[in-house]
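To keep things simple, chains are lettered A, B, C and D as they appear, and every chain counts its residues starting from 1.
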Amino acid sequence: MAKDGVKIATIGGGSSYTPELMEGFIKRYDELPIKEIWLVDIEEGREKMEIVGAMAQRMWDATPYDVRVHLTLDRKEALKDADFVTTQFRVGLLNARIKDERIPLSYGIMGQETNGPGGIFKALRTIPVILDIVEDMKELCPNAWLINFTNPSGMVTEAVMKYGHWDKVIGLCNVPIGAMMKEPETIDKTLDELIYKFAGLNHFHWHRVWDNEGNEVTKGLIEAMYDPKKDSGIPANIFDMPFMKEQLLEMNMIPCGYHRYYYRQEEMLNHMLEEYASEEGVRAQQVKATEAALFELYKDPNLNYKPEELAKRGGAHYSDAACDTIASIYANKNAHIVVTTRNNGAIPDLPEDVAVEVSSFIGATGAKPIAFGKLPTAERGWLQIMKAMEQVTEEAAVTGDYAKLLTAFYLNPQIPSGATAKRVMDELLVAHEKYLPQFAEDIARLKAEGVTIKDDVARELYEKGL
Amino acid sequence: MAKDGVKIATIGGGSSYTPELMEGFIKRYDELPIKEIWLVDIEEGREKMEIVGAMAQRMWDATPYDVRVHLTLDRKEALKDADFVTTQFRVGLLNARIKDERIPLSYGIMGQETNGPGGIFKALRTIPVILDIVEDMKELCPNAWLINFTNPSGMVTEAVMKYGHWDKVIGLCNVPIGAMMKEPETIDKTLDELIYKFAGLNHFHWHRVWDNEGNEVTKGLIEAMYDPKKDSGIPANIFDMPFMKEQLLEMNMIPCGYHRYYYRQEEMLNHMLEEYASEEGVRAQQVKATEAALFELYKDPNLNYKPEELAKRGGAHYSDAACDTIASIYANKNAHIVVTTRNNGAIPDLPEDVAVEVSSFIGATGAKPIAFGKLPTAERGWLQIMKAMEQVTEEAAVTGDYAKLLTAFYLNPQIPSGATAKRVMDELLVAHEKYLPQFAEDIARLKAEGVTIKDDVARELYEKGL
Amino acid sequence: MAKDGVKIATIGGGSSYTPELMEGFIKRYDELPIKEIWLVDIEEGREKMEIVGAMAQRMWDATPYDVRVHLTLDRKEALKDADFVTTQFRVGLLNARIKDERIPLSYGIMGQETNGPGGIFKALRTIPVILDIVEDMKELCPNAWLINFTNPSGMVTEAVMKYGHWDKVIGLCNVPIGAMMKEPETIDKTLDELIYKFAGLNHFHWHRVWDNEGNEVTKGLIEAMYDPKKDSGIPANIFDMPFMKEQLLEMNMIPCGYHRYYYRQEEMLNHMLEEYASEEGVRAQQVKATEAALFELYKDPNLNYKPEELAKRGGAHYSDAACDTIASIYANKNAHIVVTTRNNGAIPDLPEDVAVEVSSFIGATGAKPIAFGKLPTAERGWLQIMKAMEQVTEEAAVTGDYAKLLTAFYLNPQIPSGATAKRVMDELLVAHEKYLPQFAEDIARLKAEGVTIKDDVARELYEKGL
Amino acid sequence: MAKDGVKIATIGGGSSYTPELMEGFIKRYDELPIKEIWLVDIEEGREKMEIVGAMAQRMWDATPYDVRVHLTLDRKEALKDADFVTTQFRVGLLNARIKDERIPLSYGIMGQETNGPGGIFKALRTIPVILDIVEDMKELCPNAWLINFTNPSGMVTEAVMKYGHWDKVIGLCNVPIGAMMKEPETIDKTLDELIYKFAGLNHFHWHRVWDNEGNEVTKGLIEAMYDPKKDSGIPANIFDMPFMKEQLLEMNMIPCGYHRYYYRQEEMLNHMLEEYASEEGVRAQQVKATEAALFELYKDPNLNYKPEELAKRGGAHYSDAACDTIASIYANKNAHIVVTTRNNGAIPDLPEDVAVEVSSFIGATGAKPIAFGKLPTAERGWLQIMKAMEQVTEEAAVTGDYAKLLTAFYLNPQIPSGATAKRVMDELLVAHEKYLPQFAEDIARLKAEGVTIKDDVARELYEKGL
């Protein structure tokens, strides 16, 4: 670790989240003395990076700290001797996510962008890129930690370990911290009065909670979820459809927000179809509008703090998770953070060498996952099929094997198998042609077979080469 | 084992399958010298038992063997000193199956009677009864083998082992033998020229095949499945919707017919909805009509052989599986039969102490399961969620716990979770009130809350007390 | 947890360690506001308890804290409403340990008192007593934590969980803390500059170490072990025979001091045989002499602090481990402490539900074990046989089954199987007759068969009823 | 498989076992129509091969079958298009075994040649050679089955699978068949009236037995072992020291003969030390004398059948195991044979991908291992440490890593760890210098350090370059 100050490289530096990240670093400067931050992006993201980069520099200039924000399109320059590499890039930008969501919905199937069909395609686009980054890191910053925020965070992080053979990686997500920020007040507690234990996969974890006398309060928190006056911290990007209370009490665990897509599949699909049919469009389109507005704000040469509007974006607390993790590694703090890391037995229901998202103590050696023990039978089953789906998706991403992709699709509990699902998959392949070179041959075949994109918005983006 | 001839007790003796079973015993008399067969049924089944029992006796009378078929409503009398107890009973008769299938379909959800919603309810009705039978066996025939044909055969057999603490049990199904009877000719082979290895769960298994020089022929069999001139042995009760060929080649295993409900979920549901909307009605209604016709035939005092029409019933080869198993135990033959038995490690992806359906060699100690090794990733995931679903269903059957039942329902990959699924479950509980004493309290609550049965046919059966 | 101050009950309160424990509590009074301490012992220990109890009170009286040390022979009185119960009793006192060590050595077999033959017999004597204590706790202090120091700490703690069905238990040992206290200086570091990860069983664990930049320093620590000028923290009660350096470098882990009995079996046995033949006698006899001297010191009405001489006793840092654990639970501190707790997957090479000794973070819910991951092949093998030996020993302790005991004996890697080992076992059974009621029948048989105790010292103790 | 007759290649064709193998093939000619047998040996074995090869041809000539026995020193010629390759070679001949046994005994440590120190060194010498053979097979007979008799059969077979990546391998041993041949009569049964289930590792397995009505008779067989008038089939090469009866009844399994080295370690060591001190010398020396006599017999141009004297050699039934296996593969017979094969879950206490020795049904796809289920706790522990020892030994054999070898040595339950064991290991390395090129560097170091061979017989062999 550089003793004269830490170098951070942020891949996807043009993200609208960058100000959140800056705020996080500024708050923690005392324990994490950053010297330079390198934002990297690709040509298509240059404009956004310049806007957000200027704003990032303004944020630092408003502090007593002498930190320089560098902007570059040259990833290697940014990676050189970095101490921490954070990844928040989005291959194909939000336009790709619009396709991920709209194409399935155009056939009445969920387009959910993290673990659903959209998430599978995001993994296909992202994994080859992150493996390239890892190759660069081996050469340019072999001691750096890779802190991955890029979704699907679980699959991307697992691919880094398994196919990139890079162990110094931690996957992050704002969902656990979001729950921990909101839940305590629903039972009139503060976070430091409670003990949380999380276990599962990214966007597919559960938690149990105890008070600081060791008494379990999970049941009380579940009860509070059904009190209309209280807010249990569901991310802004998930429709707030209550879980079946009996089910939660039976499992005696609190699922994450994304479990709605599995435990209330019917209602979540209906909600997404409503959005699809609406003027504002699907979540990706809403986010695109929010982002455009955010970038307008960021252009203001007087704005030197994170604007309130960013919270709506859905990624609140991302920077807390990320900056806490980085600071905790740097200062060997052993903070309790929920991260994606190597299982090592923490969840005995899964193989020892896969990635899991679990309560961990974070220090200079990375994550020390807490051994959670076996899950209840039903959640064990859910977890095991999801992990299998993740693994097959990663294999498909790495090999470009069409049949493996179909296998992952049918395995996904959000997707009813059959001809329609296959059609959705085929359209998604065509629509993402530009970002899926590993599937080039099959995409050519599909196009020759006449596969076109039914959804107007997605088709238009595709035809524009976006 | 009685040395002066074997005593068989058949619970659910009034079943239309009984002649098939008799035929099987007659064919194997030389290796399985039966002395007496006791058919047992309940009062509601008395008439059918008398018809089929008379016919069974005629079948034996047409042979050189002196075997007496006894009919009784007193289970204990039948069990006393039995060597083998076979179970083929159906709690609530076919009317219950009609409800199992129609109520879900009335809400657009599959009613599939073995592993789907119908199967869950069949387990709820059946498990308490089989556990009672086991208690009787402990007292009356503690050395007997229990040969279970009653569906859902996997869950029922597992419950016997786990909750009944009875190890001398084997679960049977005609699906594997059906495949083995039909597939070989599709590649111009006979069964004795091929080596089969099956692994999975009841109605949820896969197999690989080799020729007798040790070369794998699975791929050739898959190819042949797509040859329209060939018949791969799908049971008559499953709609013949082809699997995606890529998927099968990728997994390099042949799924069972019931996998259609998981791998072609969309098309199978559509087909069931068409039947639901048709004059003949759902599968259960068709079977009921077939059965009525069968019993008319059975009444013919000159009929002393299994009529052709029985094959249409969907249970072809059941007797082959059952009689082969019994004969193989009796004569310690080590025949290769695919049965449900204790895992013991045969499928390392599942706990050691659960029930699995695998290739086994059957002899005097019961089943010796062949260690199959790990499944491919995707099938591992499918298998694990199905086993979890089975286990939670069994717990619900034993405890009468409403939340566990809801958990099983949502876990079932055939059921999209949400309010509709819950409604279906609630209607099924009410509809089967008579056979679900363990859920009496919740059923009363549901009725008080005004839950009624939407489907006309099912409601009418319920109202008639059927 | 009592809000008006903590109540501690210490079973085996007459132990010479009690002043060490008092010192630990006094140092941590700010975070662990103790109100009352109850020392309990049996009639045979009354005198020692009175001496050490008076001294304990003097130690508190020399502080500004108002803490009352109660002495009682009535365990129930002590347990009533206790917050923490600590166990440091020794069934049969040091005389039993003398027999444990001398009888095997009289036949040339190690008498090692924790995991060897002596340890097996200590488990047989202790487990029934601790299970009785647990029964009392269920009634009198159902929310208390049981902090077990009694050896063999791993087996005793596992028995509490498995046979006592008591989850709020933590097993402690001073070996890990001893290593952590001494090792850092051997590489010119302090403990807070290093990160330790321990995994294994009680007196059978290994550790790896990193610096606070995340670089592994295990190799450096191994090298330092062979520097004659340095002290790596081997407990005073273990003869300092160096490990084979190649072996340690190959495993890249640091074994615990007790591994000498497995990795240098020959030399350790020879050393013990030398002691056996010497004037001072075996370790137990040396300790007995030390203890007698300690109690003489404790009688001094002016002594109100822990005397230096206690360190020689071999249990240095016991109080640090114990008091840190208690304070960390009480104040929910998440301190890193190496404890015996439920595996939960932390060591995937062992079943999930056994007890292991691993690096844990200790808070209000007890131990959160860190998932260590799989061990190297050789250590996995060692660990698995030791865990099997522990489990069979516990079964023997609970059932009084002679054949199980023989099985445990032969399984123990310190014991060469055969007639001599069996003879040793038989003499130990007879010698401990008074404390092994569960083996009464077999002991009577052995005596009838003429089994007598060959070792003079042990026989004399036995004959005196000690 | 060649349709015009089977080609067998036998590596180590000069072995004294060859006539036994011929007899086995002759007996099974009807089901295994052999056309040609190729005996291969190295220059040092040429003379023995010529003697035994001529005799083998005479044996065939005395039958009606036209089978040609070819002799060659060119392994590639023999392997070309072979259907079955059998391996019965001994690197370093019996002289190496003499060193394996005498050097440890010269220091009072067991020299046991299969799983003890001798076995470890035999693995070190053999594994590189068998891996070479596998490389040749990949080129010359890629469809052949490798039937390995070479000891340590478990380690050698595992190395073929794991390091040679060759799946068509089966490891054989005559111990299970020996037990099955002798035991039944001890309870007045014949083998075909009993059902055997074996599980464990080579020379480290247990079995349970049932009669053909499914009743367990293990206990009866154990009782019969203590009847002096009965013979339970211990191989001639193992000293007949009875197991502790209590121990066997407790485990309710019958150990194999080699378990004496673990369960009666003291007595077996004493017996070996007696032999070591005797005129005839250790077992290897006795075998060498027997072999010399056998070869004298074999030279007789009139001898055309297997002489009685061969049985004394200790390998009775080897040919039954081997020829049954080959015939069962060739004719897809599904015979029950106990073989070393891939675990696949058959013993859930061990990893799925290791080699185990278990009851299997043998057919055209090789071994179908029967899932045995978990072992009793104690045997689980024994098994796990032995498997770890095997794995570390194989790693040492492949890498030539001195520290790994030391680790395997200390892990071996027959070897008391410490300086003496290390000295034994060092002398064995030097003594086998010629056959351990992978350890050349360390051997040179040891010699430079002055390590010489204490045992006169072994030293003399070494000095003669034998």
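In the analysis below, a residue touches a chain if its C-beta (ideal position, glycine included) is under 8 Å from a C-beta of that chain, and two chains touch if they have at least 3 such contacts.
These numbers were taken from a predicted model, which means no experiment stands behind them.
A.B. asks: Quickly list, by label, the chains bordering both chain B and chain D.
C.D. replies: In this structure, no chain contacts chain D and also chain B.
A.B. asks: Could you work out which chain's C-alpha centre is the most distant one from the centre of chain B?
C.D. replies: It is C.
A.B. asks: Using Cα averages as centroids, what's the distance between chain A and chain D in whole Å?
C.D. replies: One centre to the other, that is 55 Å.
A.B. asks: Provide the C-alpha centroid distance between chain C and chain D, rounded to the nearest whole angstrom.
C.D. replies: Here chain C and chain D have centroids separated by 44 Å.
A.B. asks: Can you tell me which residues of chain C touch two or more of the remaining chains?
C.D. replies: Touching at least two other chains: none.
A.B. asks: Just say which it is for the chain contacts: an open line, a closed ring, a star, complete, or other.
C.D. replies: ring
A.B. asks: According to the definition already given, which pairs of chains are in contact?
C.D. replies: Listed by label, chains in contact pair as A-B, A-C, B-D, C-D.
A.B. asks: What part of chain C is in contact with chain D in the complex they form?
C.D. replies: For chain C paired with chain D, touching residues are 244, 246-247, 249-251, 262-267, 269, 377-378, 380-382, 384-389, 391-392, 395, 401-404, 406-408, 410-411, 413, 416-422.
A.B. asks: Okay, in this complex, where on chain A does chain C touch?
C.D. replies: Result: residues 1, 195, 197, 210-214, 329, 332, 334, 336, 342-348, 352, 359, 361, 363-366, 368-374 of chain A touch chain C.
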